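Shared between the two complexes below is chain A, which pairs with chain B and chain C, respectively.
So, the complex of A and B:
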């Protein structure tokens, strides 16, 4: 295998790895721009992964699976948001609660529906690689771009949609205004809390699809399969300075690190524990570099 | 055209344990400019917030056109055409001026998307109709305070408010901006709008208001026709003392050989590097001296503040403090080598509104007040009491800053920065912002006391009166350059400074050449 094939291979799997990150970061942008720290991204993703997989295996439809993941995660986000905004609970604690609640409820339901609390693998349709046949044979980047499965393309559309919603729609403007100056929103006669709740539910919606994009292509639900991606998405938002384009770029860099570490396992004779830590090391370095650049 | 009556309004603030309003009354006649006057903390703002639906009264009635109404939120008031421009402007950063003006009633296209062209067009139309010359496509954070105020007024006009309440609208404006505002207000009055301005400035009230109501300690002292009451009687009503004619300060021989702050050929580029925000600025501030720097909005005062506050870095040139490079981070003013800084933005930079008065004061010195990382209550208490005594802030150390009136917040910041022992260098930006007459006198007295103890004071202010009253020397900025540095003597007149601020440098000016330090 030539180095070129290796590079395109790493790039192609980086694009696949970017899918859940991009969606979770798009969701996190809503809460971030509404002026809230949403630490529940991780738990919301996990809920999306489980319910998405369960619905897909029950109905045999990927679309219904995605929808179920999005709705289930939105519902949990709504609970989390209501507890924080209406009942005035501390957002950090309710976020933590959501992160603990998601793996527990999925474990309970997994035991009762599938009879196991560990990996559930059931036959579900595989996401189509819709451009593979027509364009997948293009050289270099063509192959990289067009060999992805449909969920990746969906994530790009949804991420662009999130940016459009935030910056070009009335709802998005109100959400951003709430984050920038809530008292001005109140003075204009609106309820800042309802926009915050909307932002939380939207973040749940996107995280749900992010989770589904983990479990559906794999054809299995693995407990704790989000494995820190919700947190990395949060870091991507900060690195991206809360701007959609830069956040997407940060997601790509993290995805590249993940894909490289997958490739590098067993390649260089370095213990795989170190290799697997690459994405997290990149996160840490990027975060400290990012903050020092910003404070300049 | 509507008449409005507020009858016997009571309002109690349980969190601070104070009665803000006791049987307060007000009646507004349609098509008139009405002033609500009184000292800081007299309850003017609270009463007006009740009229604008932002606060609910504990008891009392609001009558619009003789009908009793209840406002649960500002929209209820807006539906009846009542809107308020707040003292701390509520423009939303991240949105354009046009989006701010139309906020809440944006035209939209399909799918709930914003009609961005329509927003700009409607906002520009509205601005043109009322004679405002603002570029509505600009981002809200890039607007000067005067422009932010215009945006807020336009927002109310766009929503067809016919009763406009303005909370201390002139406190941040330059003379020119005030004149422009008054022209606008008179035009609005002529078109049938009713205007309420909250103010404590006698001259302004006489100049613009048809009628006025006086408030003191939450009570209404009565309503008057402005023409029936003399300036002296009015100031007597507001603070129980006549305003004494302004005295020129006694300038002291400043320690000219002891420059405390030196700026050497500072240059700062503008936002897009097309223009320069500050050009070749050199001056020094000496021991025992107040150097006043005045300028109109957008002429470099804000950038100079940002440079000295460490928020911006100069693109070239250097700044020295006591002969050493200017510190990146300042120490608390009462520490050796500390710097006092009163920012022009008292809520964003000067204080943290969600924290207590005490926390706002001790936060400047972590090592001393937080030994081993924990707050030392007794030290904090002592320093807080010391700071709030300086200008007698009406608040308890544990009250939240957000509950304080604007003037009290400013006094808290001034007290914190100017308490004993005073800093070698004091950077005071618009220190008189929003203070009533009595507080202003005390503040100026304290500033001069600090100077007499040897501090170097750099006063950045857009208020010519303030600069003339406090400064030993006066520097004028115009378009980012020093238009002149004059000693504060008989020749430093308002007219001359005004001319310099507008860039009209007449030939016979015998100004100290810029950049040449006087002792050289």
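So, the complex of A and C:
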């Protein structure tokens, strides 16, 4: 039965690894559907991880931590979005600015608040595994599904909420219309730029929670702990053809690859550099295959 | 492009530089104990202290050479974001070549090492060009991904098979001392590499402005459809500029090793690739303008290093300043806050911009 335990173990950690990816991809979907290239997901996640952790350790409350991460990240997203839209700057370069700003400001603040620029580990409450006690003993998939911590379930609810917001609300419809035909939105008497800005701030909100879902379960903030996940979320959106369901599936596949490589590292003693390279390599291969399929 | 737009671009440059200086002051005000002391350390010390001045000019070397690489890519509308990996791989290739040729004449070491560096960087850059041509993978994303992988692989080599067993650093063996470039301003790390960088930027200017290749490259960047109708092989200009760009990044890395470091230290060039992008953007891809742009950037960097040593401010400050530069440098309009009447003016500007489009 040991291979079965291994398989369910990998699956369970894949679901945990999917949490930040799913949230970041949900955020990125807003900007993608609004017709913008948002490479700032990475930096926004990192800001969420840091401010979420700092607030959780200061208040002792996980919920306040999540909220702080989401708000801090939304604020940076607003700044980045305003520069892009109001100043008509190149979205890629301003996105780069956000990605450089986040690790710098967190390092400076980390040095001044916690006295270190490396790992900050402080006692904060652990996210509860809310279904573990009642359903965690179920065999196979039951154990996998119900052994997650509360942030994972939150991410599923939020991802579904993002899809509903995009496809079943007035705001979401206008955001998507802006991406499809900005002139039509303008002709109907609305300002496309306002909806683009709303999409960017929403993406910041979701990425902030995504970042908090990295640092809070770990009970620590690690510099650059987003480690490429923002980029992977972006690629998941491309692979999912900008559709919520398929994007979620792509997130799951990337998470499975991540958890499998973690397992392989422990099992076969593969150097950590190779393990760290896997998400980038998988992304590159997926991108090459994805675009070649699309162009056929 | 009309006069108005040109004026805006000039204003935006001045505005960006002012914003960078202003945010530096603001950061000093917030994160240092004595504002005046750190102000002097930041703005004056790099110019009066021999050590900081030398290091500042030494830092201009990779910025100019890699910045030229970025200019070649951006001018042809290829977005090379793999500079980090290309610099790192280039310097690694140069060190390997120098270590293999230890006993050979210095000139031969130089030629082979610099060629190896350019080849390594060029191949990595060309890979993204090939992916773009064959599989329509956006080079902007692929170059970043490839570079991230390359950095990790080189890290593995430095700390694994090629680590210097006699050293506590995560580093390779030192290259033969005779092969390092002569120092100009000891004890700083400034070397004769700066002359190489100046030469490279002038050659770059000549190629871009005065040759058929440069003309066609810029045409492809300015208007791809027009270039195609004019009979230019645009596929070629998706590949060659990326190759050249990568090669220049590799060269920049080799100049850092031969000029300043003398060996490969883990992560020694981290951030130089992104800085080179900032420099090329400030210089608006003009190879000659790279010199003052690199000087300005290196000045801010030297200032933040000096203030870090003297007043204990984090070196990440320079990252924040860099972010400020990136935030404003491509702005084509300068009304961040809505002034009365500005929305009408911007609407008119938008309409004028639309009319300018092909």
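The rule we apply is simple: the second predicted complex is superposed on the first by the 286 of 296 C-alpha atoms of A that agree within 3 Å, B and C clash if a C-alpha of one lies under 4 Å from a C-alpha of the other, contacts with A are read in each partner's own complex, and residues count from 1 in each chain.
Here is the rule we use: contacts are C-beta pairs under 8 Å (C-beta built on N, C-alpha and C of every residue); 3 or more make two chains touch, one makes a residue touch a chain.
These figures come from a predicted structure and were not determined experimentally.
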Simultaneous placement of chain C and chain B on chain A, clash or fit: clash
Chain B versus chain C as contact partner of A:87, first or second or both or neither: second
Chain B versus chain C as contact partner of A:122, first or second or both or neither: neither
Which of chain B and chain C A:173 touches, first, second, both or neither: first
More chain A residues in contact [chain B versus chain C]: C
Contacts of A:157 with chain B and chain C, given as first, second, both or neither: neither
Touching partner for A:107 - first (chain B), second (chain C), both, neither: second
First (chain B), second (chain C), both or neither touched by A:189: first
Partner chain(s) touched by A:181 [first = chain B, second = chain C, both, neither]: first
Complex contacts: residues of chain A adjacent to chain B: 164, 168-171, 173, 176-177, 180-181, 183-190
Residues on chain A engaged by chain C in the complex (per definition of touch): 79-80, 82-83, 86-90, 92-94, 96-98, 100-101, 103-105, 107-108, 111-112, 117, 228, 231, 234-235, 271, 273-274, 276-277, 280-281, 283-284, 287-288, 291-292, 295
Residue ranges of chain C in contact with chain A within the complex: 27, 31, 79, 131, 135-138, 140-142, 144-146, 148-149, 152-153, 155-156, 159-160, 274, 277, 281, 314, 316-320, 322-336
Residues of chain B touching chain A in the complex: 54, 73-76, 78, 84, 86, 90-95, 99, 103-104, 106, 108, 111-114, 116
